[in-house]
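Below you will find the structure I want to go over with you.
Chain IDs A, B, C and D follow the sequence of writing; residue 1 opens each chain.
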């Protein structure tokens, strides 16, 4: 008779899915909760920087696209919180951990959106980086997470194309619009590279996560893939990526590129990014302002249940 | 020996001033409190319609002029509340009566400001009407009120000139600007006429107020004076006053003019004007939001007083 | 044609302005489900606005404002982003800030009920384009009304606080409701629906007086437009 | 000349933006006296902004944005109303919303103290115009600092709630304070003044970390400008 641990190991080794009722090691569960929650929080906090331009979108078509996109992010948050709930942690608990600073979200959303071009840049670079991170997660070992990722990735790549299309449209516009696009890319390029996390040497959890099949690639691998993918897109767009060290390396078959400012990264992770305080204050306000509505819904549901029993 | 009442009557009859320590009939005191308070409230509520454009003034010069003007209105409110305090009612009590609907303010401020031209029109027509109402009050029988009015009237006529000057400048501008001015005058003309109150026949308190020297002219007199004053100003400006019945009457030596919509006037007085609810809600919010500051100032003053005694 | 254009502008501007207000709830709603639902309603209304503004422009090109020479803005954007507040035809009912969730629900219930009744009737309008827009809108508005109705009941019967807020929100939006019903030319059929919702919720139909001044906008509209139009106007020749 | 223009823009834009924020208090302050005082400070800063923007334009006409042909806007208005957010030179410190009265006071205290120190030094600047502007500003800023300092003390020592709010407001504005001090190139002389106010008030100097990203603006600036510039941009050829 095989032990639970052996069954688990075998499932992971065969790239089969672990399901909510299956036995799993506590460390696996905890790591998953942390990762899925962080991902869910990123979707929800990520609504803010783009939502900042919802009321100012410069055409009705763009307003509709942006509104639908931000709505999709709320939907992604919803799936991911549900996936997390299969591991025994409620959405409310997760939200409270987010607000208390006990769980993180992607540091990219601590950068401000300063022009409408940022809506396009976030689609192109930020969603692009997210896709690089997430496509491998469609094969992640935990079933509900993997299935959520399949759906999310499909929508993300749609968002990425829309973002890129906004930028190409703006590049065909006025000089001011082209300058806006370049300025936006200048601001988001490095933070996008940081989205893959610290260099592998400084990422101690990666090995265990890969063994568990929660993570499928190292940070540096994914970062390289993102750079290689983005360079020709930038050329097609007609913008310059703000990295003087960026060049094709024939030997490696990859682009060489400069080192992100890891000190800045650490400062942002620690809470001193441009918008950390603002993002959390926004979420807290919305959460607190909505408390009476959630209570009312609960009270109403309980009363209705009682009445239908009576 | 003359009675207090005879002394009072004599003072009023000689157009001398009644001062705070002088004896006065209770009805006189009450009428004064009501009238001065209403006037003070009008200054304070009147900050809102113009303040609505403070953050959007289209030139820095106009922003400075408007900011100074709205500040002056706060100052007028301050003098008038002080004048009222000499009659034994505190500013806080008066504010609470305003918020409870127990005291009124000029109904003109229940109309919205919908374009920057309204800043000019309020200066020209609303301040103009206020001056017609107020100049005679400089000779009002109650000293503190009369002296406050002298100072206020001086500033009001400065404001009126500035408002008129804004309109003349806009009339020299683009077609859109001229249309804005005309549209603004169309909206404010009739409400400005209503500022003098209902027709004399429907104004039962006028006789007593005139006997007491609190009021110096009837509503209809002042309204006629305002119309006669405004017609040539409108011509000089190049706008049409929206009253088809308006024409010079050689016999009377005055302009004939149409009847304001007194039903609308009554609806506005009763609270159903376009902005009554908004104006009071704004004042209430500011008052409530400031409560902790006023409490802190009081606590600090008491503590400082104690410490200096110790 | 001018009459058709004016009517389409009323319907289109109301949808556009309320969509803008509802979009303000994005990332601010009480929970994710409501965030998604309110965005969805905002999207539906935005879709209606786009069709209606285009119809208005086709029916009477004179309603479209002159654009800077060389501007590539389509007519829907010319109407949405380059008209001044005074040229908008929306009712005051949709212009004001959202208030809290209860006030938003109260406004949405009244709005969707009135608009649904109007759209049901417009299904056989002489103009086939408007009729088609209305037919499509009926399904959307039914959902909006039902969403608002469910929440109206929930808040009315939920907690003491939710009931207090709902009544306050209803009192806040009610004085402009007669104008809305008049602009959409709806009558007793709407009252029947509303009275049902009120009865089920145990809420009395408010008695508040009607507000004068319906021929003009509120102060809220020019502020809403200042924000909405800021990027488009900063780039009058922009391509989006 | 370009350097002088850049410096005048920093000083002018900071004054303009904080003036705009303080003007938002008009009709919203805790009592009439504070309403008047905050408007007065806003007016002083607006006056400084106008002189400084004009000086910047004279020193380097290249900083003035191109206006639509035929626009009669003077250079101060071209700079204030027709530049995009990215071209503003203000510090992030002045951009954010006011918060409550305590946060407004905390920001004003830090701002006026830093700016006063800078203006005192600018009295002997090589550019006589800038020197004169600074000399005039010293008196105004001294009043601003004293007003904010008195309220800082009052709130710190008033009630439990006022103290709590003051500390929260200070914590809110503090992370951007190092940027302000750096932009104005002031040092220990400012710390001496602030430490005195803190000591008298019984408030500890905050230890909060410095915020990264000072080379860009906050999200608040473009919203502030959208509102501020809306009328001017809607009428690019307008005469005011």
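To be clear about the criterion, a residue touches a chain if its C-beta (ideal position, glycine included) is under 8 Å from a C-beta of that chain, and two chains touch if they have at least 3 such contacts.
Just so it is clear, the structure is predicted and the values come from calculations on it, not from any experiment.
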item	value
Longest centre-to-centre distance from chain A, chain (CA-based)	B
A-C or A-D, whichever has more C-beta pairs in contact	A-C
Centroid spacing, where centroids are CA-atom means, of chain C and chain D in whole angstrom	39
Inter-centroid spacing, chain C versus chain A (mean Cα positions, whole Å)	34
Between chain B and chain A, distance of the C-alpha-averaged centres to the nearest whole Å	57
Rounded Å distance between chain A and chain D, as computed from the means of their C-alpha atoms	36
Multi-partner residues of chain C (at least 2 other chains)	84, 222, 226-227, 230-231
Where chain A touches two or more other chains, by residue	56, 176
Overall pattern in which the protein chains touch one another (line/ring/star/complete/other)	other
Pairs of chains satisfying the touch condition	A-C, A-D, B-C, B-D, C-D
Chain B to chain D touching residues, read off their complex	44, 47-48, 51, 53-64, 67-68, 70-71, 74-75, 77-78, 81, 91, 116, 166, 169-170, 172-174, 176-177, 282, 285-286, 289-300, 303
Chain C residues touching chain A - in the complex, by the definition given at the top	16, 20, 23-24, 26-36, 39-40, 42-43, 46-47, 49-50, 53, 73-74, 76-77, 80-81, 100-101, 153-155, 157-159, 161-162, 165, 227-228, 230-232, 235, 237-240
Residue numbers on chain A that touch chain D, as the complex places them	49, 52, 56, 111-115, 176, 183, 187, 264, 267-268, 270-275, 277-278
Sites on chain D touched by chain C in the complex	84, 222-223, 225-227, 229-231, 233-234
Residues of chain C that touch chain B when the two form their complex	84-86, 172, 175, 209-213, 216-219, 222, 226
